[in-house]
Amino acid sequence: MSAYSQPRPVGGKIFTLPVTLLAAFAGLAGALIVWRFLVGLGASTALNDGYPWGLWIAFDVVTGTALSCGGYAVALLVYILNRGKYHPLIRPALVTSAFGYSIAGLSVVIDVGRPWLAYKLPFFWHWNVHSVLLEVALCIMTYTIVLWLELSPAFLERARTSSNAMIRRVGQKWLPVARKSLLWLSALGMLLPTMHQSALGSLLLLSGPRLNPLWNTTLLPLLFLLSCIAMGYGAVVLEGTLSARFLGRKPETDMLAGLGFAMIPLLGAYLVLRLIDLAVRGQIGALFGFDLYSVMSLIELALFAAALAMVATDAQRRNLGNLFRAAILMVLAGALYRFDTFLVAFQPGEHWAYFPSVTEILVTTGLVAGELAGYIILIKIFPILAGEPQAAPAR
Amino acid sequence: MPTKARSIFEPETIGEHLVRCGVSRRGFLEFCAALMVAAPFGLALTNKARASEVAREVAKARRPSVIWLHFQDCTGCTETLLRTSKPDLAELILNLISLDYHETVMAAAGKQAEDALHTAMQENAGKYVLVVEGAIPRKENGIYMKLAGKPALQVLDETAKGAAAIIAIGSCASWGGIPSADPNPTGAVGVDAIIKDKPIVNIPGCPANPYNLLGTVLQYATAGTLPELDELKRPKFAYDRVIHDHCPRRAHFDAGRFARAFGDEGHRHGWCLYHLGCKGPVTHAPCSTRHFNEIPDVWPIGIGAPCVGCTEQSVAFRVPIFQTVPIRQVVPPDTYAPIFTKEGNVSAVATGVAGLIGGALIGAGFMASRKLGAADESESEPKPGKE
Amino acid sequence: MGISRRSALKAMAAATATTVATTVGARETQAAAVAAPPDAVGMLYDSTRCIGCKACMSACNEANELTPDTALSGGLWHMPLDLNEHTKNIIKLYQGPKAGEHAFVKRQCMHCLDPACVGACMLGSLQKREFGIVTYKPELCIGCRYCEMACPFNVPKLEWSKALPKIVKCELCSHRIAKGKGPACCEVCPVGAVIYGKRVDLLAEAHRRIAEHPDRYIQKVYGEHEAGGTQVLYLAHVDFEKLGLPVLGDESVPSRVRNLQGTIYKGFMAPVALYGLLAAVMFRNRKKSGGAEAEEDKP
């Protein structure tokens, strides 16, 4: 039961200064992307044969999709654990997720060397069923479509109030269909991320001989899955708080505090599993060796622990500023874990070095800026955000 | 060598002629050995185990009739044939072939010379080897070179008719040589641009190596065949490789030891002349293994002068002498890659940009969070819209 | 309070326990020994015979129509420092600390019996084809570079300098083998330091050499068991690690992932089952909340 009103468009001027600036930055990224295709990867990125995967994979694809697990995480809460109270969070979370996964898909197209052959991916007679990356690619492609389809009710509701008669008819005809298929789509929308977020973790298992022992465990898929759901909640907290602040609406503290609580078992399980795994594999000594790898692992664990500590009590969770900071730490922790697994733990040899080029950095930040602008534009035009709460929540 | 008497009307073999002229057998064997060195492979005549076997082949053959024409030339190719380091070798050469017409060495002059030419052409019609030295001008009906009042074009046409084979000796006769250098005011071209219906062998070089000519002529005399030719009609036994691939200084090239200026330390040590403009990498010629004047190292690179590519039409008198040329067949140097090499650069600029962006985001995040904490306390008051 | 602490913890514990159990189960599954194809061919490189002439590098470039790597030599020499888009085969020099201690090593694709790159490749562009040779089909390659991430020998290289790049690696001159000739490097080696033949024969020859001259060789044929075994074998006088050949266990690289996948996915059964479970739970929850959500969605 929700004390909130129906979702409705936020309205207001679309191309405000922040949105225009974000869109401009995204335009710069677009220009750089065109340039990357003209000159090739060697000239535009700092990638090399020692580090063939860099920022665009480690951040845009791996971390970006984890940050976009808000839709997945909230769906688990609402549809599986049956907490209808969080229902108003689903649509905004889905928008973040849809954009995040679309950007991730775009980043893959930019990153691979021969994207014009990507049309062969659905050719199942060529599939190498043992390739984890194939599973990731197919899952992400399908999930991105599912995300946008899950948002279709929002678009169709808006269509119904359009001034154009034909659009109105389309909205009226397809909205019931969209609503009916929501259950099947939502189930798919929870299955697919379970599969590919854990698969993203399994990717580096194939680099086993060259993966630092502090990260080289068959628990990688599980650890990635746990941290991604927690990052999903963290991302929804950030997105909810910021959109409320910037749009002058009341923040949904009650719901967000609940998300903070949901993070606890995930963070707890992650820390416990990680430490037990290190102990079982005899890596506790390495953990305190205080070389680069030890220090990075310790920072990761510290960030996870700090985030856990900051959402431990009810009072802490209801302090929005504290919750916001905890969400930042949570997101940083998950992001650092992924960066470390893909770029730090991966050891091709001491003679190789990699740091993203300026082009890679600008394209990544430009794409994120585009995502932010897209989110803002969408929530202003379409019924995504629920209305302001009518009264303080009863419990 | 055969000693039985022979009718004076029967043409002599080379062996018989050499005996009659008193040329020493030792000199002849030395010549045959030199021929084997000049053409170690690719020439049927020299494909033998010993110089004495080559000598036997040559001795059996009839002296080939050779008519030698000069057109736009400097006579350098003739000079190189005769400037042997041992005087009797020159005589030997002149006795191996029946040089029926050669303006430089023949005793006749004027009308007698002309008659000699016509007699030779008639008596040996269809059998003589025509050697052409010098380019043939074509502009304005070929008036820029005349022999006894006739343009070279015409002379060549007439003489070529009865030739069994034509050998174009020197770069000028092969493709135009110096006279054809830009702007080629006389329209100078090589023999094969004019004669299309006779077998032609080009022996380019400025001058050409005389042993290439002799090998070809004697091959024809002993077996009646011409050596295998490449697509520019050059005998493969001499022109199938570039100088760079057989150069005595190649080890210096592979090791990166170069002379950088004439007279510098590298130059005096005999190092590679690549950076002085040596055209060895793009020039097909045998000079690196068969030097001139029978004296070792008497060839341009041997005396420290970079090769100018005198056999190649695209190089000689076209590409500046001191301009370096690209290497066609690139092979590894004398040095080795270590087991591990540092690769991949960390850009300082990129690190800075990343730091800025990251720092700005985290800073903004914490600033915003502090404001949120403050706003939380005054939650009851609705905020005015920001946008 | 929103969620009851108890039910949340119960759900998470159940999920975690299941996943951990299956993952640990996967770890304990034995890696099956990798069998070489019966007609497997390969190369035997004997570092003690190699004189470092690098004729194999020139022959490889010529046979594979590769442009030489003249970046560092200003156009003068084919001078790569490592395998790269211009170099499928390279000779490197190891110089030891003691005077006169040195060894050459020839690096190229190892043609593993269970290759990591083949396990990684999404559409099967890299596969073990005739004679067990790992060959590459560019028409199935998307350029994702997972093969580069996977190969423990760091062999596949991308044409970074091109706008339309391919992966470049030694394919044992399979185009020549089809015509009955061997790899170009083996054909041109003046001292027989690298020879071509059937893997079983080469392995026997390698052991014979070790037995005959035990003081000349490290008592091991590198590639016999490394990463499940490779079709290119090495003999040397110095430690293989010093020559840049990585220390690897006997387990093949992809077997670990295959075990994990096999245990968790059980073909495609597990995802389908999970989907059914999720849909069923959602149905039940919808009924429990009495269709209140459906009422909310009414216009």
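Here the chain labels run A, B and C in written order, and each chain numbers its own residues starting at 1.
The working rule: a contact is a pair of C-beta atoms (placed from the backbone, for glycine too) under 8 Å apart; a residue touches a chain by one contact, two chains touch by 3 or more.
Keep in mind it's a predicted model, so treat the numbers as computed, not measured.
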Requested in this report: Please list the single chain whose C-alpha centre lies closest to the global protein C-alpha centre.
Outcome: C
**Report entry** Interface ranked first by C-beta contact pairs
**Finding:** A-C
Query - chain A and chain C: spacing of chain centres that average the CA atoms, whole Å - result: 31
Query raised in the report: Could you state the distance in Å from the CA-based centre of chain B to that of chain C?
Result: 49
Report summary line: Cα centre of chain A to Cα centre of chain B, whole Å, reads 68
**Report entry** Residue list for chain B, restricted to those that touch at least two other chains
**Finding:** 340-341, 343
Query raised in the report: Mind pulling the chain C residues that touch 2 or more other chains?
Result: 82
Report task. Specify, in ascending order, the residues of chain A that touch 2 or more different other chains. Result -> 48-50, 349
Requested in this report: Under the touch definition given earlier, write down the residues of chain C that touch chain B in their complex.
Outcome: 52, 54, 57-58, 68, 70, 73, 75-82, 90-95, 104-105, 242-244
Query - Residues of chain A that touch chain C when the two form their complex - result: 1-2, 6, 37-43, 47-50, 52-53, 77, 79-87, 111-115, 117-118, 120-121, 123, 126-128, 130-134, 137, 153, 157, 160, 179, 183-184, 186-188, 190-191, 194-195, 202-210, 218-219, 221-222, 225-226, 254-255, 258, 261-262, 265-266, 269, 273, 314, 346, 348-349, 395
Report summary line: Within their complex, chain C touches chain A through residues 1-3, 7-9, 11-13, 16, 19-20, 23-24, 26-27, 82-84, 116, 118-124, 138-146, 148-150, 152, 154, 157-166, 227, 246, 248, 253-254, 256-258, 260-261, 264, 271, 274-275, 278-279, 281-283, 285-286, 288-289, 292-293, 296-297, 299
Query - Residue ranges of chain A touching chain B (in the complex, touch as defined) - result: 12-13, 16, 46, 48-51, 241-242, 245-248, 250-251, 253, 319-322, 324-325, 328, 332, 349-358, 360-362, 365
Query raised in the report: Where on chain B does chain C make contact in their complex?
Result: 253-254, 256, 274, 326-327, 330-333, 335-341, 343
